[in-house]
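In C-alpha cells below, several structures.
Two complexes come next, and they have one chain in common, subunit A, joined by subunit B in the first and subunit C in the second.
So, the complex of A and B:
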C-alpha cells in the first residue's frame, strides 16, 4: 500500500499537483481527477470532540464555536473531567442532623489542574451549571462598536444624500416612476439607528491619556519560581486576560471541531460528504479516485545501472465493477500547450511501453473466496503480461536508465470508464475513455526489489 | 503590562453582545511572530497562533513561488481549524503592517480570492485602526513588534507618513542576546550531578526558538532607567564575572529537556531586554525613534502627539517596558539636540482596553463591525480588473475611496 511506499506512484491531478491515487478525488460529473488543493472545502457540521454533541452551523455560530458543557484545561488544553466529592453538611430542615451532600468539580487528568485552583464553587450536578467566561472589556468594546457604527452610518447617509441630490437635479418628474424609487431610497436613508444603540454610543467617551504608566512589579529582584509563571501558550490560549501567573488561569469552554465536505469547484457537485452523526466515520458520498481509476503499482525493479537495459514489473488493478481496457501511452506524445515533455521535468527516463490494449476484468467481491486458478485472457499480449489474478494484472516493460539515481518514468494511463446514467427508470451505460498522466519514481526500489 | 491589572475576567450569564444572526466579517492580523484571527464585533480574537506552517515562518520564504503554498496551508488551518467557518460566507478584514512587501500582500490576496473564494477583502493599516479602540483621532502610535519597532503619528485620522520611523529592534533582538549569553554563561546541572556550561552540553539546543522565547516571556523584565545608569558598563562586568554593587535579580532554575536544570543568571534577565534602549552606533534606540518621529511632525501637532502616545505590540508586554520608555523619553528631552527643538514637558500614555498584543486586532474588529467594510472592501472582480494587485493603502486609489477622519 501507499502508506508503506510513499510517493512511488504519483498521478497528476487536473490542477497539476502530483499526488498518490488514494488522496485524490474523482469527479463523476466532469470525469476529472481532483485533489485537496483544487476542490472547495466546506464546513458541514460542528461537534464537540469530548461529548460528541452535534451542532448545526447557526447554533454553533451563536455559541461562538464552543461546547457549553465541556471545558478545557488552561494548562495543557485537553478536556477536563468531572469528579464527584461528598461532603457532610448540616441538614436544612434540622441543623443537628448531618446529611451527605454530593458535589462535582472538574479536573484535568493530565496535569491535575482543577476548578479548585481557580476557586470556583463545586456544582451540585455532574455536568453543566458552570458559568461562562466572558471578556472583561466587552462593555467598552460594545460601546465603541455602537459608536463607530453610528459614525459610519451617518457618513453613509451624507454621502448618499449628496449623490441623490446631484442626480435628481432641479425637479423630480414622476413620468417614468423614477421619483418614487428615489424618494424611497431617500426615505431609507433617514432611518436613524436604534434608540438603545444610540444610548450605548453616547456613553462611549474618548480614552484619557495619563502620565502614570504601568510600573515594573516591585518584587522584580526577589526569588522567581518558574513553575508559578505561565508560558506563552497558556497566555495566548486566553487572549482576553493573558494570565501571567498560574493562579490567574481560568478554564475556557472547549472548542468545537468540524466535519468538512468537499465539492468540485468546476461543476459544484459534492465529492465527499460525511454523515452528520459525529460518532460515525462513514460517508454519504465518497468519490475517491481509488474506487474509480485503475491503480498502477510497482512490483519489481532490479538494480538500476546507468545505460543498462532492465526489465521492471508493474501491476494494474481495476477497482470498478466493469471491465476496463487499459493502454499505456508514452509521456512525450502529450499535446501540451507549452510543447512536449517540459511539463514533467522530473521524468528522467522513458520506458519501452507495451503496445496494444490490456483488458482488466471487473472487480468481483465474491471471487476472492473462489478457486484462485485464473485463466489468462486471450486478448492480452502474453509477452507483456506476467500474471493475472482476479482484477489484477502484472505487466513488464524495459527501461534504460540514463543515470543510476533519481530514476523516474512517466506514462499516460489511458483507460475506459463505464459511466452509469440513470434517467427516470432507464439505466444506460456509457463507456468513456480517460487519460491520466502517471509518474513512477523507481529510486525507492534501487537497493532491493520488493514485491508489491 | 498595561491594562492587565485592570482586566479581571468574570463569569456571567448576562447580555451576549454578539448574539446576532448576521455573519460578521472575519478579522485577521498576520503578525511577524503571531497571527490573530477572529470575528468582527468580538472583544478578543478566537485564536492567537504562531505565524508558522510546519515550523516554517510564513514571512521568511526563500522564493516567491513558495509563498502561495505556505499561505494556502496556513489559511486553511485558520479557517477550518480555528474559526470553523466557510471562507466563502464572510467578508474579510486584514489588519496589515505598513511595511509588508507588496509581493506578500498581492500573493495573500490572490490565494484568498482564488483558492478560498473570499467574497471581499479590505486591508486596514494596523497603526490607524489601533486608534478605534480608544476613540481617538490623533495619537502617536508606537508598535513594538517581533522584528521591528515602528512609530507613526496619526493626526485627525490621517497617517503622517513623512514622520514614520522604524528600527529593527524587538523580541527578535532580545532572543538573539539571550541565546548568545546563555550559551556562554548559562550553567546546566546535568542528571549526573555535575554542572557544566550550556555551550558545552548542547550548543544546538537554543536554535529552537521556543525555548528562548519561553525564557524571555517567563523571566525577563525591563529594568528601570535608574538601575540601568548605575549599572553602566554592565556588559563588561557581566562578561568578566565581576559582581556589580547593585542587588542583582535572583537566578532562575529553568527545567531543560526533562532531566537537566538550566540556571539563568539573574543579571541576564534584566540585561537581555536592555537592547531595546541601548543607544546604538547610529545613536538610535526605541526611545529616540519616538522623539525623532515627533520632530518630523508639524510644530503644532507635537504637543498633542506627545500627550497621546499609544503603545501596542507584543514586545511592549514585557514588565516594566512602559515605565522605562517614559523615563528614557524624559531623559532624551534634556539632551541639547532635542531640548532646542521640542517644547514639551510631559508625555502622556493611553492604555488600550485589551492586552497590547491584540490592540490592533481589536481595532480591526471594531472597523469590521461598521458599514465601512461594505463600502471599502475590494471584491474579486475589482481585484482581477486591477491586474491582481491590491492598491497600496497610501496610493491615490485608496485615498480616493477612503473616508478621512473617522
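So, the complex of A and C:
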C-alpha cells in the first residue's frame, strides 16, 4: 500500500497520530478515525505460517506457541522444506538384493542448511518424526515458573484479604446476591496451588553469582574461520543454546503467527475481523478508512524555491458509493477554541485553498469498463478543477513556501459522509459532515522531481 | 527463431549429448560439454578468451556467462546457472549453483560446491572456497556440507523435451566423423 501513499499524505487520527490513510480505521459508529495505536487488539487464532494449521489460544499455549510439524532454519529463520532422497541399500530379507530406500530430510531453500548439518538421521516419512529440541535449562525454567506462580498466588491472596477485611465493616445485604458472590470469591482464595507444583517450587533455589566464568573459546583467538562462526542474529534467535559455531546450530519449531481483530476502544464495535481460516485473506468486517474517507494524493509539485509562489496539483478520490461534497478548510482554524485543539508544528507553509465545495461523484465499479466520457460537474469551480475522471478529481492550489526544504502543508478535509441506518426493514440514509486534518509533506515529493 | 540453418559460428564446439537451443546467444569461442543444456535467451559471451563449459551444466533463460579476459574461462561439471544470473568469474569449479539474478564479478574464482543465492552479489577480488553458500539480503556466507548434487533427472527431462519445441544446434563431429564428447 506504500505505493499509494509514500508517506507524503498523512491523516491525523483522532488520537493525534499521523498516519497514511491505508493504515487507519474508520469507526462507523463513532464516525471517527482510529489508528492501530488507539484500538484494542484481540488475538483470534494462532496459526502456523507454513502449514496453515490453526489452533486456539490455550492449545497454542500448551504447544509453547510453536508448530509441531514445521521447522525453521537456524541460520536465516525461514521455514525448512522437505527433500527426498533415494538410496540403494541391501534388502533386509535378502542381502544380495538391492532395494531403493526413500528417505527425507529438511533443508533451507535460502542458505542450504540441512538436517545433515545437525547430523540428524533422515526420516522415512515426509513430515514429522523429528526429535523435539529440549532446552538445556528446561527443568530450571519450569521450577522457576512454578515458584513464581506460587509467589503470585500468595501476593494475590494477601491483597484480596486486605480488600475483604476492609469491606467487612459494611453490612452486606443478600438482597442483591452480593454476599454469595463475595463468599465465593473468598472461597476461591482459599484454594492452594497443586501439590506437585508446590513440590517443584520447594526445590527451587536462588541462583548464585560466580566469579569463575568460562574462558573465551580458544578458536576465536587462534585460527578463526569466519564462515564457521555464527553471527549475532543466529545466536540471539537460539537463546537457550547460544551456539558459537555453525555446527552447533539446531533447527527450531516454527513459531506461530496470530490473526488479530481490532475493536474500537470507545464504542466497542469491531473495526476489523478476519476470517478464522488462516488460508483466507478475506475479512468478515473491514472498516478501513481507505474505503470510507476521500483520499488526497499529491499529483504534481514543481521545484520548491523559498518565497516563490508555485502551483501544486492534488487529486481527491471518493471511495464510497455515494456522492461526496468536499471542502478544503485551512488548518489554522483548528487551533481556535472551538476546533479540535490539535496543534501541527510540522506545517511550515499555508496554502491558498480553493474556496467553495467540490463534488466527487460516487465510485462506480462498472464505470471502469465504459468509455471515459467524463463531463465536468457544473457545480465545481472550473478555475480550481484540473481534470475529472470517474470518482477522481484533480485540483490545483497555490503555495508560497517560506523555505525550500521541509515544506509541509496542512488542511482540514471537510466532507460529507452518507451513513446507512438499518432499522428493521427500513433503510435510511443520513448525511453527516466530517472533518479530518490532513498533512502533506511536499518536500519528499519535490526532491524526487528535482532528481528526475 | 525461424531459420533452420545450422549456426554459422565456426568457433562454437558442441559435444554429443548436449542440448543447445539455437535461440541462445553464443559469441566467440565457446566449447560446450556433453549433457549440458543451454536454454533459449541464455547468453554465453566469450568476448576475448574462450569459454569452455564442462559436462552436465544447465544454463537457464537469460543467464549470462561472460569472459572478458584473454585467458580461457573453464567451467567445470554439474553447475547450474539459474534464470537471470550474470557470471563473469575467471574460473568455476564443479557442482556450483548460481541462483536467480545472482551476480558474480570478474575478479572472482569460484571453487566447487558453492551456491550464490538469489539476488546475491559476489564482486570482490577473491577465491570463493569450496562449499560456500552466499545467501540472504546481506550476502551472508556460510559453509554448507551437502552441496554436491547433480541435476541428472532434470537434464534428462530437458534434453528430451527441449528438442520438441526448439531448434537445437547439432553437435560437431571430428574430421573422421566421430562424435565429440561421447565416450
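Here is the rule we use: the second predicted complex is superposed on the first by the 263 of 452 C-alpha atoms of A that agree within 3 Å, B and C clash if a C-alpha of one lies under 4 Å from a C-alpha of the other, contacts with A are read in each partner's own complex, and residues count from 1 in each chain.
Keep in mind that, in the parts below, a contact is a pair of C-beta atoms (placed from the backbone, for glycine too) under 8 Å apart; a residue touches a chain by one contact, two chains touch by 3 or more.
Worth saying up front: this structure is predicted, and the values here are computed from it rather than measured.
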Comparison of subunit B and subunit C by subunit A residues contacted: B
Partner chain(s) touched by A:214 [first = subunit B, second = subunit C, both, neither]: first
Partner chain(s) touched by A:138 [first = subunit B, second = subunit C, both, neither]: first
Subunit B versus subunit C as contact partner of A:92, first or second or both or neither: neither
Contacts of A:151 with subunit B and subunit C, given as first, second, both or neither: first
Touching partner for A:112 - first (subunit B), second (subunit C), both, neither: second
Which of subunit B and subunit C A:246 touches, first, second, both or neither: second
Partner chain in contact with A:231 - subunit B first, subunit C second, else both or neither: both
Partner chain(s) touched by A:378 [first = subunit B, second = subunit C, both, neither]: neither
Overlapping contact positions on subunit A, where the subunit C interface meets the subunit B interface: 226, 231
Touching residues (chain side subunit A, partner subunit B) in the complex: 37, 40-43, 46, 58, 60-62, 64-65, 130-138, 140-142, 144-145, 147-149, 151-153, 155-156, 159, 204-211, 213-217, 220-224, 226, 229-232, 235-236, 239-242, 244, 250, 255-258, 260
In the complex with subunit A, residue positions of subunit B that touch it: 1-14, 17-19, 21, 23, 34, 36, 41-49, 72, 76, 80, 83-86, 88, 115, 117, 132-136, 213-214, 217-219, 221-224, 247-250, 252-255, 270, 307-309, 317, 319-320, 322-323, 325-326, 346-351, 353-355, 357-358, 362, 365-367, 369-372, 375, 403, 406
Parts of subunit A lying in touch with subunit C, wherever the complex brings them together: 75-76, 110-114, 116-117, 225-228, 231, 246
Residues of subunit C touching subunit A in the complex: 115, 117-118, 129, 132-133, 135-136, 140-147
